[in-house]
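Each structure below appears as structure tokens.
Two complexes, one shared chain (chain A), two partners (chain B, chain C).
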Partner chain A sequence: MMRMKNNMHALKRNLTGYLFISPQLLFFMVFLVYPIFEGIRLSLYKINYGNMTFIGFDNYKALFQDEVFIKSAVNTVVFVICIVALTVVFALFVASAIFDKNAKYVSFIRGSYYIPVMVSMVVMSMIWSFLLNPSNGLIPFLARQMELPVVNFLGDKDLVLPVIIFVTFATNVGQAIILYIAAMIGVPRDIFEAAEVDGASRIRVIFKILIPLVKPTTIYIIIINIINVLKIFVVIQLLTGGGPNNASTTLMYFLYNNAFKYNQLGIASSVGVIMFAIAMVLSIPQLRAMFKTN
Partner chain B sequence: MERKKYEKSLRIKEDYTLKKLGLALFSIVLLLSLLTACGNDDKEADKGKTDGKDTVEISLWLTPQWKGVIDSSEEGADFDSFFKYAAEKFSEQYDKHDVKVNVEVIAGDQRDEMLNVNLNGGTPPDIFFESVFAMGDYAHRGALAPLNDIVDDEAKQDIEQSFWDTVTFGEDIYFYPFSHMPGTLVYNADMFKAAGLEKYVGSADAIQTWTLDEYETILKELKANTPEDKYSNAYPMGLYALNNQGDTWNLAYLRMFGSPFFDDEGNIVLADEKGTKAAAWLKDMYDEGLTNPGAESVSSNDVNAMFQNQQLGVSFTNSVLYNNIKADMASGNVPEFDARLANIPSESGDPLSFTYVTGASIFDTGDKTRMEVSKDFVKFFSSDPELVKASKNGVPVRKSVVEEFKGENPLFAAYEANSQYMFSFTGNVPGYNELRQVLYPELQALYTGEKSPEEAVKDYQKKGNNVIEKAKEDSVIYNK
Partner chain C sequence: MLKRKNKLKQEKFDITANVIVLFFAILSLFPLYWLVTSSFKNSAAVVKMPPDWFPKTFNFQNYIDVFSNQPALKWAMNSVIVSLVATVALIIVSSLAAYAFSKLQFKGKNVIFIIFISSLMVPKEVMIVPLYRIVDQLGMVNSLHGMIWPNVATAFGVFLLKGFFDSIPDSLRESAKMDGASEFRTFFKIMLPIVKPGIGALFILYFVQVWNDYVWQLVIGQEEGVKTLMVGTATLMQDLNPNFAYKMAGATVAAIPMLVIFLFFQRYFTRGISIGAEKG
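Take a look at the complex of A and B:
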């Protein structure tokens, strides 16, 4: 009884706060939560112009029999794993190498890695397309001029994934470097001094002190990158069009084609739900680790 | 005393909290009412009354076609000029209602997004003016209304039957043909001459027809004899398969050895000897270096740019692209050279000819008045003697207009002569938009050597027929 009274009292006391966040909450519910549930509902329907038929899990069944979907899912997972791993490892390497150097030098490195992040992905894709186009691109042209063997980076099914991974990684890594440098600069200096007194090498300092202490940043970078890479689309649309022979298609590209080109809204919604599930599964361990630390 | 003071301050605090609570609630109510006000249907505003006649408001969407009413040299010429002028002229003489036409130009690559979103939201445009091949799926989905009742005998006489076949789905006509845009090949006559191929160069006002053997000779000679110093980094033929853009030429190449492509039931029948031979021919040309390299990751845009940069001997074009190349040369945007037209050759010797018919369609909005007015308007601008002259911006579908402008544009007669070789590249099958997505991955697999020509055409046929079969189930035309 007493506890209920306390709860009521707490609610009354915090009511104003709740009311203040309610407009934001309302928008959150209408524009984020409702579409998620609507997407799940639509994935159970066959949607044709003017009528909707409930078909249960048929859209999902059709998806798992579609080899392009399977390829898209595999490619997306490959992209997520490779790009996230590359980003974390490279950003850690760069940040730990420079974080304690001269401030101007740190700013220069930070700036040069961050410029590609500011350039639109569309522009980056067009520049890469200009460089790699097998018929009139710069790299094949130079290779021909120098009589070197010409490789079609975008048209070889074994090379196209590494190329996209590299392009996306090169565009994204600046963000992670900035976050790591900020986190590393925030690590108290006395810990490093103590390690120095104990005679620890730099490698040991990085692995035993720096990396464990920036763990929350690592988790944040992993989650943000997983979500970003899951949605990879522009670079595919502009650079390879999913080719050659669907070798570089991704879930988001597959979803876009179904929703806006073939008007298969039911199928597209099912892909959306599956992507949501993948994002959840991939993020949960990270989120749990984050809450545990906190 | 202290206690009383404390209780008073508590009461003031509570009053204050209540006031804030009231204010916050008021804000929420205001916000909600605003949101609901936004969602209110304003369709009722479409109909009003002036001068005893109802005012009917209809919407017309189009993708960019030509600028100006009749000619792009008019002052203030824009993509919507023609329809704005037509609407004005129509409402002056229309006696059933006062009509207001809202004309909106939408980007071609946003067409399907815009239409799908608006169809699902129940707000499609009343009229859509666009290439028929891009709109066929909407007829199959039951989103369009048949136009049989506005096509009269005079129109049937003036417009060739092949155009009516293109706009007929099942038994009904869904588009009123206005103009068309024939697809052909274009070649660099200067490069031909530089490679010693003068005898294959045709007249500038004609569409040259080569046999398949002649065409192969041309490509080989171009490869062997094009002077490097004048045309560096140049290739004989443009070939591309990055995406579905410009895929109609690829579809034409696949018919080179006589494949009918579709059977009478609207299924793909490419996986036979003729289809395989055509795919093998493409692969051979590619492997022998008679085309640009990396066709699997080159787009039609790239190929077109390469032709303009004189890096290709033969490329693809249509009447609008060809005019644009000429205009770019005239304005000095690209270096000037002699670009002429040729037909896509075939083994039989007959050229392979196709065209993109452009015309208006009407969406079945369920509003009888608006649909009736829309039909009257479509009939008006598609048959009014003054307005149909605008079709000269493409190639006119009406013989009467071709006759009138033959002197101005001698190619009109050449295009008309080609119409006997015309094939319907869509076959008017349902699911054509999705079908387009199936072809280029197979061509990519063919060029990269992942699949043999037999496998590529077989897999295309299998996947394509699956798309068609699925779309047939949903097609109102097949399920009548």
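Take a look at the complex of A and C:
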């Protein structure tokens, strides 16, 4: 009798829990979990409008023989490494220089770097496309004034990557700066005071105390930036269209074109699965850190 | 003596660093300054070299053109509807789920939670092909529904709100239940008001995220009537009209709502964005 009552109680408890999570779970299954499995399945087919033929791993084989895909993958890796490194270094520099200053000053600096993030990559790409326009943009004009050898930065296959890296970095670094400032303000003051009494210089304090203490923030910033740069798209579409001669194409741009321009849905799905795998592998350290604290 | 010299050197380092920080802060605002001032120039002044660093005349014609040549108001309305409905829906479903993961006990809770949180690291763009097919089967392509509902399928809300529920002592829930309140009533009347700051942060952060969800809106909203502000403005870039001032006016219109939101809700951003890192 007692046992049955207990069982009833447990059943009711479980049911309540499931009831609370079910709406979120429903969306999650339909628009996230199912697409992942469906994407893996589609990547094994050749899809021609209504016609689907099972071809095993042929899409993947084709991809690794496709120069444009290889170029997209290499570019994406270059973007991820350069943008993440620049972001972490610069954001650490900014945050460590200002975190202990007057609150108004901190909020001004934070706002200045964060506003481009808010305004979105679409708008920022439009502005940069105007600033860099070879015939009437401000930057080529200044380059001509300084008699630089190149003025069409986006049309030059060697310069196009550095320019995209810079634009993406400049538009997104504000988020990392906000995170670092919040983390550094949270560090107890007496740690610095003790170091100061010992005669440690500010640079030493920053490198030996501050940077190690904000390491969880650094890991978080690295992960979210990897994920963000992995799907880099807008800036490519609006600034270069992947050119010149595919010099600036990326995985996401390649995926989009295959899916919605060339109607190669099988190929596009394979690219998505590869990107999914990369994202999962890269995020393991963050996930591990998160579950340790929970 | 030595100590004082050291101190002076230190201050010099600090000042140099701050001058650099300030310089780049102003530089990072420059593209926006250029955007807004260019949008007020006429088609000749905007391409004049050397440029007018400050516009000589304030010309509103570009804005009039954006709103009369393009359904910019319609785009803006679509963006507001998509962002608002997706965000409110996410708040409703994810606050229920976050409460359950934080305070309720049920079978499989930890496994489901781990799967949930792992999905945070997967950008939905990589699954754009299968997602598009599903949305198509549901008849939601070229409709705002197609832009809204997939955005409710994120663990972001649960991730953000669970921490807020975790910080509420269990005793509060127990005493409410002792008084005979149902689970839902406890959640709705007692717990939800306490996590209001978390809901505020989630609202702001997610609203902006959906507003800027460009790739997905581009794919789903191909017909003129369902274009959003981001997609519509981006098409101005490919417009045949060679007037850059006109394009910049369009971009300014797309930027203003987010600028206003940021200026009014700065503290929510700072708090909301930091939550993920603190947990990491």
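List of remarks:
Throughout what follows, the second predicted complex is superposed on the first by the 257 of 294 C-alpha atoms of A that agree within 3 Å, B and C clash if a C-alpha of one lies under 4 Å from a C-alpha of the other, contacts with A are read in each partner's own complex, and residues count from 1 in each chain.
The criterion applied here is as follows: a contact is a pair of C-beta atoms (placed from the backbone, for glycine too) under 8 Å apart; a residue touches a chain by one contact, two chains touch by 3 or more.
Just so it is clear, the model here is predicted, and its values are computed rather than measured.
Applying the stated contact rule after C-alpha superposition, one finds that A:T16 touches each of chain B and chain C.
Once chain A of one complex is fitted onto chain A of the other, the partner contacts of A:I223 are limited to chain C, with no touch recorded for chain B. When the two complexes are overlaid on their common chain A, residue A:Q286 makes contact with chain C while staying clear of chain B.
Touched residues of chain A, counted separately for chain B and chain C, are more numerous for C. When the two structures are aligned on the shared chain, A:I139 is found in touch with neither chain B nor chain C. Once the two complexes are laid over each other on the shared chain, residue contacts for A:I55 go to neither chain B nor chain C.
After overlaying the two complexes on the shared chain, residue contacts for A:A85 are found with neither chain B nor chain C. Shared-chain residue A:K261: touches chain B; no touch with chain C.
Residue contacts after overlaying the shared chain place A:V123 against chain C, while chain B stays out of touching range.
Common to the chain B-facing and chain C-facing surfaces of chain A are residues 15-16, 20, 23, 133, 135-136, 141, 259-260, 265.
Here chain A touches chain B in the complex through residues 15-16, 19-20, 22-23, 26, 47-50, 133-136, 140-141, 144, 150, 152, 154-157, 240-246, 257, 259-265, going by the rule given at the top. Looking at the complex, you find that chain A touches chain C at residues 13-18, 20-21, 23-25, 27-28, 30-36, 38-39, 42, 93-94, 96-98, 101, 107-116, 118-124, 126-131, 133, 135-136, 138, 141, 170, 174-175, 178-179, 182-183, 186, 199, 201-203, 216-217, 219-221, 223-224, 227-228, 230-231, 233-234, 237-238, 252, 255-256, 259-260, 265, 268-269, 272-273, 275-276, 279-280, 282-283, 286-287, 289-291, 293. Considering their complex, residues 3, 6, 9-10, 13-14, 17-18, 20-22, 24-26, 28-29, 31-32, 34-35, 38, 46-47, 49-51, 92-94, 96-97, 99-101, 104-107, 109, 112, 114, 116-134, 149-150, 152-155, 157-158, 183, 187, 208, 211-212, 214-215, 219, 230, 233-234, 236-237, 244, 247-248, 250-251, 254-255, 258-259, 261-262, 266, 269-270, 273-274, 276-280 of chain C touch chain A. On the side of chain B, the complex with chain A involves touching residues 17, 20-21, 24-25, 27-28, 31, 112-113, 116, 119-120, 137, 141-143, 233, 235, 241-243, 292-294, 296-299, 302-303, 305-306, 309, 311, 431, 433-434, 437, 440-442, 444-445, 447-448, 450-451, 474.
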